[in-house]
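There are two complexes below, and they share chain A, which is joined by chain B in the first and by chain C in the second.
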Partner chain A sequence: MAYKIRPGFVLLNICDAHLLVATRPLWSEFPRVRPLPRLWAACWTLMEKGRTDREVVASFAKLFRKPEDEVDRRFEEMFSTLAQEGYLISSEDDAT
Partner chain B sequence: MTRTDTALLNAIRVGLRGKPLADDPSLAADEWAALLRRSREQELLPLVYEAVYRCPSFRLLDRSVREEYRTQALQSATRQITQTNELLTLLLDAHSSGLDPVVIKGVVLRSLYPLPMLRPSVDEDLLVRPEEYAAYHRFLLVQGLSADDPAADISAARELSYHKENSPTYIELHTTPFPPDSEAYGACNALFTGALDRTVTVQIEDVPVRTLAPTDHLLYLICHAYKHLLHGGIGIRQICDAAMFTAAYDGEMNWDHILSACHSVRIDRFSAAMFRIAQRYLGFDMPPSFAGIEADETDLLEDILTGGLYGTADIDRLHSSTLTLDAVAADRTGKRRGGVLRSVFLPLRSMSGHFPYLRRYPVLLPVAWGQRAWGYLTRKKGGQSVHPAQSIRIGKARIALLRKYGIID
Partner chain C sequence: METEYPVVKTCALRLGNIVLPLALHYPETALYFKRCLVEPEPAVFEAGRPLVSVSSQEFRDWAAAGNAIDAFAEFCLLCQQASQYLFHYQHCLFHAAAVRWRDRAWLIAGGSGTGKSTQTQTLLGFCPDEAAVINGDKPVLECLDDGSVVVHPSPWNGKEGLRGAGAAPLGGIFFLRRGDENSVQAISPRAAAPYALLGVFQDFRSSETIQRAGSVAQHILRSCPSWLLTSRDIPDSTKLLYQTMREVFENGI
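After this line comes the complex of A and B, so read on.
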């Protein structure tokens, strides 16, 4: 499945932590701050820069020197969690 | 000033500009622990942590201690983000209901910081006209907030606080900038005559926020610092707020008016000392109107650093406030000072806030005095017990500080 960032969030890097914060149009839906693990924040940053989820997986496969399908399996949990919580839009949701 | 104090002020100086501390102060682990503790006492932990955590020597501090402070800093920052969002949403709802309160301090000041969530605020202050009070009270209740004193007489209310369950939202609704019956600083209200007729609107995250005009707002920040000086002490955060506000609105200030207003309530030297601290330790410009005023800032800075924000670092110091307030009240009214006994036997109007039953049964004033005296002797804060002799000693030292800055004769 393909994923993309839902517009309207800002990733803050403060006090050695990474926080996803909704901008005003999304406050009522996302009133709380969402902490992100370091690796997830790195992925988010790449997606913010316009990389697709496939390109993100490829980048980290290269960085970790691991096969892409192995990294893909590890990252799927992150992508699906963020999609379930509403921070990412999956191709399935996009089609509907 | 210790190495820790110097490093703390440097961290605040760069933190106010959204930068990390570039020069590692090379503190030892116990000095880093003291710096973080002090930044927490000053309620600036998030801003300071963000400025210092990259310093190589910071790693000397035990990992569990670093993690403890980091967690607290993050909790504060995330709470602040939610608080800001909820307040701005509340203001939008107020606008839809035809209400437009004047927001003072709080979110208006935070918005001037490079990372607003790193500047903690506990409450948000709204200033409204007395005749509008009931409408705002009803609005806040409809919004799901509860008045902290449900028995208060709304028709006569001048100041009430409201909170919301499971939310950081905490609102204080005022009809005057300062309690008018305070003999020590109630006179400051006269400086704000007509302030509600000359408000301005600023945009915070696209939400229009009505607030005091810059000259009134800076004057309010100074008077508010003065109020806390009398109560237990000001914090370095109040200096930061005044300095950040001055830097943001310098060109729009009527400095002659601010100076003359400060002079009229005898806080011109105190204000100059505040600006001097901002200049010498936090890297801000000294307002030219205050530059010529003789004011040695060192004693005020020492008072700030030892007391924590609002003097809350030391319970004896908090209790000493009755002496400082009494000294200023006596100076302003010409009455004889009540001294130590007045600390316990306060007049009815000063007691009814903490003992609401006095509003209905004023005859119970002696009972409230007894409760207050008992509470005074048995109260603990952070494991500290009250030591009356120490409170008196601190009170006398702080009265000398008031004399030094010309607040009293």
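After this line comes the complex of A and C, so read on.
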């Protein structure tokens, strides 16, 4: 499934804590601050720069020197969790 | 036709080491600031320099939420404006009660209703001759180039009106939450980051203000120790707070 980030969040690094911060218009739907693991934050940064989730997987496969399908399996949990929480929009949701 | 609110008075307000040029729509609003008003240097009102002021739209939004539009409304709304202005000068308003004890400022931070004021008043009861309140709700924090932070009074001191003591260097922050037990736990700057970010008073509307708040929160956390204070009841949780302050003062971190 393809994902893209929902606009309206700002990723901060404060004292090595990676925090996804919701802008005020999103406060009724999202927690104001959602801590992210370091790897998730790195993925978010790439997606902010316009990379697709496929491109993110490919980048990390290259970085970790692992097959893409293996990285894909590891990242699927992250993508689906963030999509479930509303931070990522899946192509299915986007179509509706 | 939409209501417009004309400016009727200008004055200058000192917060920390910054003088803010205020444009008021209600002359009585100045009374809320009387302890902080100063005679401004002419440059403060130079043409082109932005004034700190509530817009007509903000008044209309405030009214739409069912609130009265008056001097008190303007005083409350100016808090947000002042905080935005202060960001440009390495200052911010921080949502916490600030107590001066042994020449250091100690912040008790937490959301509305967590019991900051009650903790503060109880703490004063433990050491009435040694402690005094700098500000009960939103002190000004000044981030210095050497990495330290100074805590100053501000006019926004909460409904209890706790105030009185002068500025002091920041000694530590207690992030307060309610819980099923009384405990105090030292936490790392990393663990304290979400709490500190939400303590920095700003509107969270743009990426720019959020980035700035993050930078200020990082400066604050790196300058002093932090604790998570869980309070089931008072005064037992306040005793833990007081004991921790004493330990820091006597033994260091």
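Here is the rule we go by: the second predicted complex is superposed on the first by the 94 of 96 C-alpha atoms of A that agree within 3 Å, B and C clash if a C-alpha of one lies under 4 Å from a C-alpha of the other, contacts with A are read in each partner's own complex, and residues count from 1 in each chain.
Convention: contacts are C-beta pairs under 8 Å (C-beta built on N, C-alpha and C of every residue); 3 or more make two chains touch, one makes a residue touch a chain.
Since the structure is predicted, the reported quantities are computational estimates derived from the model, not experimental observations.
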Touching partner for A:I89 - first (chain B), second (chain C), both, neither: neither
Chain B versus chain C as contact partner of A:S28, first or second or both or neither: first
First, second, both or neither for A:V10, with chain B first and chain C second: second
Partner chain in contact with A:L46 - chain B first, chain C second, else both or neither: neither
Chain B versus chain C as contact partner of A:A58, first or second or both or neither: neither
Common ground on chain A, meaning residues reached by chain C in one complex and by chain B in the other: 12, 14-17, 19, 21-24, 27, 32-33, 35
Touching residues on chain A, where the partner in the complex is chain B: 12, 14-17, 19, 21-24, 27-28, 31-33, 35
Chain A-facing residues of chain B, complex: 46, 49-50, 53, 70, 73-74, 77-78, 81-82, 85-86, 88-89, 115, 117-118, 205-207
Chain C to chain A touching residues, read off their complex: 188-194, 196-198, 203-207, 210-211, 214, 217-218, 221-222
Chain A residues within the chain C interface of the complex: 10, 12-17, 19, 21-25, 27, 32-33, 35
